[in-house]
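See the structures that follow.
Both of the next two complexes hold chain A, though its partner changes from chain B to chain C.
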Partner chain A sequence: MKDFRIDHESRGPVQLIRLVGSLDMYSFPRLESQLNALFQQGRYSLVLDCRDLDYIGSAGLGALIGFAKQAREHNGDLRLLNVPERIYKIIELLGFTKVLQVHQTEDDAVGSFQAK
Partner chain B sequence: MELPENIHRKESADKLLIQTPGHGSYLAYIRAIVGDLARKVGFDEGEVAKIEMAVDEACSNVVRHAYSPDKEWCWQQRDPEIRLDIRIEGSRLIIEINDHGQRFDFANYRPARMEDHLREMKPGGYGIPIMRNFMDEVQYSSNDQTGNTLRMVKYLKKP
Partner chain C sequence: MGELSKGISVGCVNNRVYARVVGRGTFQNSQPLRQFALEKIDQGQGQFIIDLGPCQGMDSTFLGMLAGIGLRLRQNGPTASIHIVNINARNMDLLQTLGLDRLFLINADAPAFPSDAEYHQLPDTDITQLKHPLNKDETADLMIEAHDNLARIDQRNTPRFKELARFLRETVERRHPNGKEKK
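For the complex of A and B:
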């Protein structure tokens, strides 16, 4: 069982955030405070790399939706990258992929902001 | 998987009892135990993921709402605890999640439709719709002696 971890680096104006472990109601406040800190710095273009994400619950999904909404209000967005198949099937079934953009490669995800 | 000392697990052929402290740090263990059992009784990986998520949502609600520090359970001088009673009956997996925290008016709770919530990009309110979407039966009961019990059923094969 992996401990939840958040790694962050910049790709030009885009913030690449790598999530490791499980994003549930216990761990999501940590992501929330990290994203709030980025928003306070005016960084609204976010890519969340989910390749090492084991699980996401509704608290995590709801938070992502809320942050994507705030980011869009500032001409940015929150987009997902490398979503594991098991998680993708669940979020697709629930309809979250209709609201959140999902990308397969880092170039595609980061480039999608420049293409705007 | 090695469990922390304060997770108690009792297993027989068709029954599993888990008792954990009512704290969010135990949710990952609950998901793993329930997922393993669901896999063992024959659910495919897609259904296992749904069962894990439904149980996680239910237990998260217990931690967040039933055992919220501002609710009256604090006065009862009892440590918050989650008890899961899981059994196989024929082709049904029955999961009962019990707590002794604040009761919830489940019958009269009318969550917004998920589609509407998503369209408006609301940050919360998805837990109960997810449980109802992913399980075949979801019922909640509450009484002063036994506490609050959420009963969820998943059919291995649809009747």
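For the complex of A and C:
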């Protein structure tokens, strides 16, 4: 099991956050702190790159919806990128794909904010 | 018990029910253990021993499902209980964070897994190789119940999972407006 890691970089006004490892109840508070810190800086356009994500728990996904809602209240959003098939199956089963945008490429995800 | 394959193995010896979680315990393999445990409780079993030694991690649904078994056992009197054995620090931290250490007996005089017992793996509990797709409605109901259980155990869990609980309830309501029968 990989250690959980978060890498963050800016793509213009869009914040690209790469998640590595397992996002579970144990590691989620780290992402939560990172997202809260970005919100405090007024950065509400977020893309979570899940390419190297091994696992995401149900509560973590639920919390992401809360962050997406907060972001939308400030004309931003939280969108997912490169979701591995096994994780996509989970989020689709739970209905999260209806409320969280999922993108296949970085350009598409970042560009989707500019197209708003 | 032979080589540990991923999933949930169970066995019953001397009026004790044993379960061992290998790999992850998640909403994807909660239902088989819940069903098995409730059947055993209905048959009069009151002692559950859950080995989390080979468990890599648990999500809130799995923990809420375990809490539900614990709450159900509580109704059967003070001698009925869940013993959690071989728990690692990471999983222990999860139990404590959610207040479940107050519901379960943890590493408390739990007997070792009897080696002569016959165990069998509950079907479709290896989440890396699920053979059957999960039912959306059953999964949503299971998750709602599990998170309700967590809130019953510790009120601090209510805000923790409020977004998930709200989303699941809204999803169920959208699928079955006015409580129409679920498929």
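Everything below uses one rule, namely that the second predicted complex is superposed on the first by the 116 of 116 C-alpha atoms of A that agree within 3 Å, B and C clash if a C-alpha of one lies under 4 Å from a C-alpha of the other, contacts with A are read in each partner's own complex, and residues count from 1 in each chain.
Here is the rule we go by: a residue touches a chain if its C-beta (ideal position, glycine included) is under 8 Å from a C-beta of that chain, and two chains touch if they have at least 3 such contacts.
Predicted model, so just to flag it, every value in this text is computed and none were measured.
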Partners on chain A (chain B, chain C) - clash or fit: clash
First (chain B), second (chain C), both or neither touched by A:22: both
Contacts of A:38 with chain B and chain C, given as first, second, both or neither: neither
Chain B versus chain C as contact partner of A:55, first or second or both or neither: both
Partner chain in contact with A:109 - chain B first, chain C second, else both or neither: neither
Partner chain in contact with A:71 - chain B first, chain C second, else both or neither: neither
Touching partner for A:83 - first (chain B), second (chain C), both, neither: neither
Contact residues of chain A, present in both the chain B and the chain C interface: 1, 22, 24-26, 55, 57-59, 61-63, 65-66, 69, 90, 93-96, 99
In the complex with chain B, residue positions of chain A that touch it: 1, 22, 24-26, 55, 57-59, 61-63, 65-66, 68-69, 86, 89-90, 93-96, 98-99
Complex interface listing, chain A residues touching chain C: 1, 22, 24-26, 55, 57-59, 61-63, 65-66, 69, 90, 93-96, 99
Chain A partner contacts - residues on chain B that touch it in the complex: 1, 24-25, 27-29, 31-32, 45-46, 49-50, 52-53, 56-57, 60, 63-64, 114-115, 118-119, 121-127, 130, 133
Chain C - residues contacting chain A, complex: 24, 26-28, 56-61, 90, 93-94, 97, 133-134, 136, 139-140, 143, 160-165, 167-168, 171
